[in-house]
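Paired with chain B in one complex and with chain C in the other, chain A is shared by the two complexes that follow.
And now, the complex of A and B:
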């Protein structure tokens, strides 16, 4: 049996997960122009809301998932209203915003660890065997297919929204120049709040899907976020489609990189890719 | 500086001086030091993982220490002096445990530390204890690297040398597995088991393919694909904690790969065995044996249940943790509260009857006894008799 089909499938699965993180991250970055590290915490929130509702309170899955997405989105908006907006009003630099978001990330992660303990949790029950499909000799589970489909759907959804809706145009206008957008009559604070809601909700989707695929830990946010950011930078920071390309490139390079190297080099390979891009093509694959 | 601030500063300085003076006066009355020590509790340090992934072991560990401590103190402590445990979180992490040891040695001035629990905790704290001439006594660290490591360290938990060795012999001699794929977490404990297994298995004529991963990893798919492509007879998971075990087992079933499994003792919690019973059916593992017919063991389990309302988890570790407290008491009775003497006394322990069986500690600080091979059947651990009978003699079949 050749190993290649499974490696391709593994790369696609990894790419799909990174896509979900990179999409929301890029959306928030392109409008607010700062690295929102708290984005990783929103993913953890999404996962743990589903865990708490289904495993602790016996809610149905179909109710828990939308609630989790909503909660992640609302916490994202609150982070903007209570923290980032106040800093923006004081003309804080993007470095200060980054540090503030790191603080928020750590605080949320610690709160989740206190509420749910730092133990590893699974959303699926151990006994249930997930449906597995065979793709040219590589195995992929139902959850992973859902992750891939969700990533592509969200990408298409955001793409259409940015291009064809009034809100999408307003978001782009704020991203191009916040001051000018204000002058032409756009309520920039409102637009940014909406962007935080959408971006954080997507992070929530990412977190709960990872919860179904792998499992939940309060500390999983950082690893997810780092890979998402690498994907975003490699693809072109702030670019919607670039982020998706970057995510899949990263997935393929990581998984094929360890074909002949030992597996513990995976993270090193990811960051070598990042460094190569920063040196030779800092604008990323797709220049915004 | 304004006048207001100056006055405030002056008041603060005066308050501090008064407080220091009061503290000196209070402590100076010339009471005889002997009476002072006998009323004050005797402090013993404890290092174990209270947070992080390994907290699964640390939480019940602390309960057991507290249980045994209550029993010892209720029976009169050490010559009427009560014992007190100071618990420090080692997070199953070397540097964290070393600073915990530093705190126990420098601030609490303990002479004896029970711990660390994880091998990484012990390996990193030993130099700290050694330089302060403080004894370290571990009831859970099993890395072969700890054998004869320091004159200040000994343990009543057996080294993994026996675990890796008997599993290698069972796999090669009995199961006739010639190629084993090894997936190893990058911790001292998991590396220790891998090294012993690998050495013995290769010595017998087998072949090993290895992949390692950092404890934070969560995507094992491509590593599993690689190992599978090598067509091994079995897969050995040398892991430290529950989280990667659960992740790897899930990703194995996601890839529809059901290899013969070999697991180190930590990967066999009851929770995991019941939730993944069909996947683990027939898996070989080693366990430091527990003996429910031992009255001390059954007394420990019933006292634990009475105090905490649940059954003792991880009984292989529970029994040595429980014994450790009583051994510390006996050591204190024999040689007094001195790290140097206690560590030397530890090496003279012979046929000490405990919950974990009869304990004898060798001159290298290791417990003379070991693991037995177990097989998982319908979610339960059963003795793997075909091998445990021949494991001790271990003739090379070739």
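And now, the complex of A and C:
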């Protein structure tokens, strides 16, 4: 039996997850112009809130998921209000913002490890092993179908929001030039806070989906975030569809790259792809 | 007493790493998040050459420094194309790539199993003697860094940090200077790696992850960028901190996470209230 259909399925699933992380990262980057490393922590928060509610407090899944997404979004907003906004107002360099977000990320990840131990946890209970479908010779689980559908749905939602709503236009205006946006009467701080909410909530979705698909670990945030950033840069920073293209390209390159190598090389492959792009096509696939 | 000597040796190793990284970050303003890779190259050179080929410790250190210099030259050539966020990201990528090589090149590094039974040189078999040797290395590297900072080379670097365009106008090949200091910093890290391998006598890839690079960055940002004393103070503080947490009575695994919480928050508060660190001359 050929292994290629399975590799394609795996690549698409990985691409869908990276799409979600890249979407949120891109939204925040395009309005604030700094690499928000704390974004990875929001994915971990999303996953662990679901874990805590369903496994420790016996809440139903349908209540836990929206709560987790909300919590991730709110923590994202708080990170902006309490930290990044203050630094922005002081006109701190993007390096300072990057280091601050790195510190915040490290602290949140370690707090989660203290609360939930650093052991690997799964969100799916033993009884409900999800159905497996066969697609042209590749196996895909029900969870993975949900991942794919969610990824595409959120991408379309964000795309429509940016294009057709007043909020979307305001977000783009702040991204183009914050000063000018202020002059024409946009409350830029409010827009950025909303962007933090949406972006972090999407990261929360990504985190809990990973939890259902493979499982949770406090350290998963950094890996997810780095893949999201690689996807965003390879696709073209600040470009919504570029990020999606980058995410799927990364998914395919990674999964086909480890075809003849061990899975441990995945991260190295992702960064080789990033460095090649930075050298030969720094503007990414879609130039903005 | 043994315990204090142990802490002092660890402090010397991290202070060497801090001084080397500070030369890169403090003097050029480029956020190099790949220092643990060169630390690892030094450690692996000593580990492999002393266990497989039975070479003298100082020879293994020299080989480690040379390999680290060559690798950092190649990485630096790529990195010199970037600045700002992209530099940090590409540097971080190289750390992950080098870590993957430690982990997966099993015929040489034994992968996740690590390398046990590394020889410690006979004349430093006692811990206090080992401490004296590490301290001498630290002092030598500190004065080398001081000398570099005060030399015309160091002044050009500071000028690059303040205004690269302006110094280019005077005919300086700025990328050459940035590359040189990157290689020097990496070679210093390899020295620390050799000392670490000979001291602990066992190494595995998990010591040389991205997290270690971030920890080193925290050391120099806390101490203060572009100040060699600051790098040493930062190392002292961040080495002693987890030990204090241990005395407060946290269990070991929680103490390890508490250390992460504390230094994460420390970075946040430094960026908010004192971005130049304790004794720094330069803000990111």
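Details
Here is the rule we go by: the second predicted complex is superposed on the first by the 283 of 288 C-alpha atoms of A that agree within 3 Å, B and C clash if a C-alpha of one lies under 4 Å from a C-alpha of the other, contacts with A are read in each partner's own complex, and residues count from 1 in each chain.
The rule we apply is simple: a contact is a pair of C-beta atoms (placed from the backbone, for glycine too) under 8 Å apart; a residue touches a chain by one contact, two chains touch by 3 or more.
Treat the numbers as computed from the prediction; the structure is a model and nothing was measured.
Once the two complexes are laid over each other on the shared chain, residue contacts for A:13 go to chain B alone; chain C is not touched. Once chain A of one complex is fitted onto chain A of the other, the partner contacts of A:66 are absent, as it touches neither chain B nor chain C. When the two structures are aligned on the shared chain, A:255 is found in touch with chain B, with no touch to chain C. Of the two partner chains placed by superposition, only chain B is touched by A:3; chain C is not.
With both structures placed on the common chain, the touch criterion links A:157 to neither chain B nor chain C.
Judged by the touch definition given at the top, the superposed model places A:119 against chain B, while chain C stays out of reach.
Touch criterion met: A:217 reaches chain B, while chain C stays clear of it. In the superposed pair of complexes, A:132 makes contact with chain B only, with no contact to chain C.
In the superposition on the C-alpha atoms of chain A, the part of chain A touched by chain B in one complex and by chain C in the other spans residues 118, 262, 264, 267. Put simply, chain C touches chain A in their complex at residues 29, 31, 78, 81-82, 84-86, 88-90, 92-94, 96-97, 100-101, 103-104, 210, 214, 217-218, 221, 253-254, 257-261, 263-268, 270-272, 275, 283-284. On chain B, the positions that touch chain A within their shared complex are 51-53, 55-56, 186, 210-214, 216-223, 225-226, 228-229, 242-243, 246-247, 250-251, 253-256, 272, 275-278. Contact residues on chain A toward chain B in their complex (touch as defined above): 1-3, 6-7, 10-11, 13-14, 117-120, 122, 124-127, 129-130, 132, 139, 141, 144, 214-215, 217, 219-220, 223, 254-255, 258-259, 262-264, 266-267. Considering their complex, residues 34-35, 83, 86-87, 92-100, 102-111, 113-114, 118, 222, 226, 229, 233, 261-262, 264-265, 267-268, 271-272, 274-275, 278-279, 282 of chain A touch chain C.
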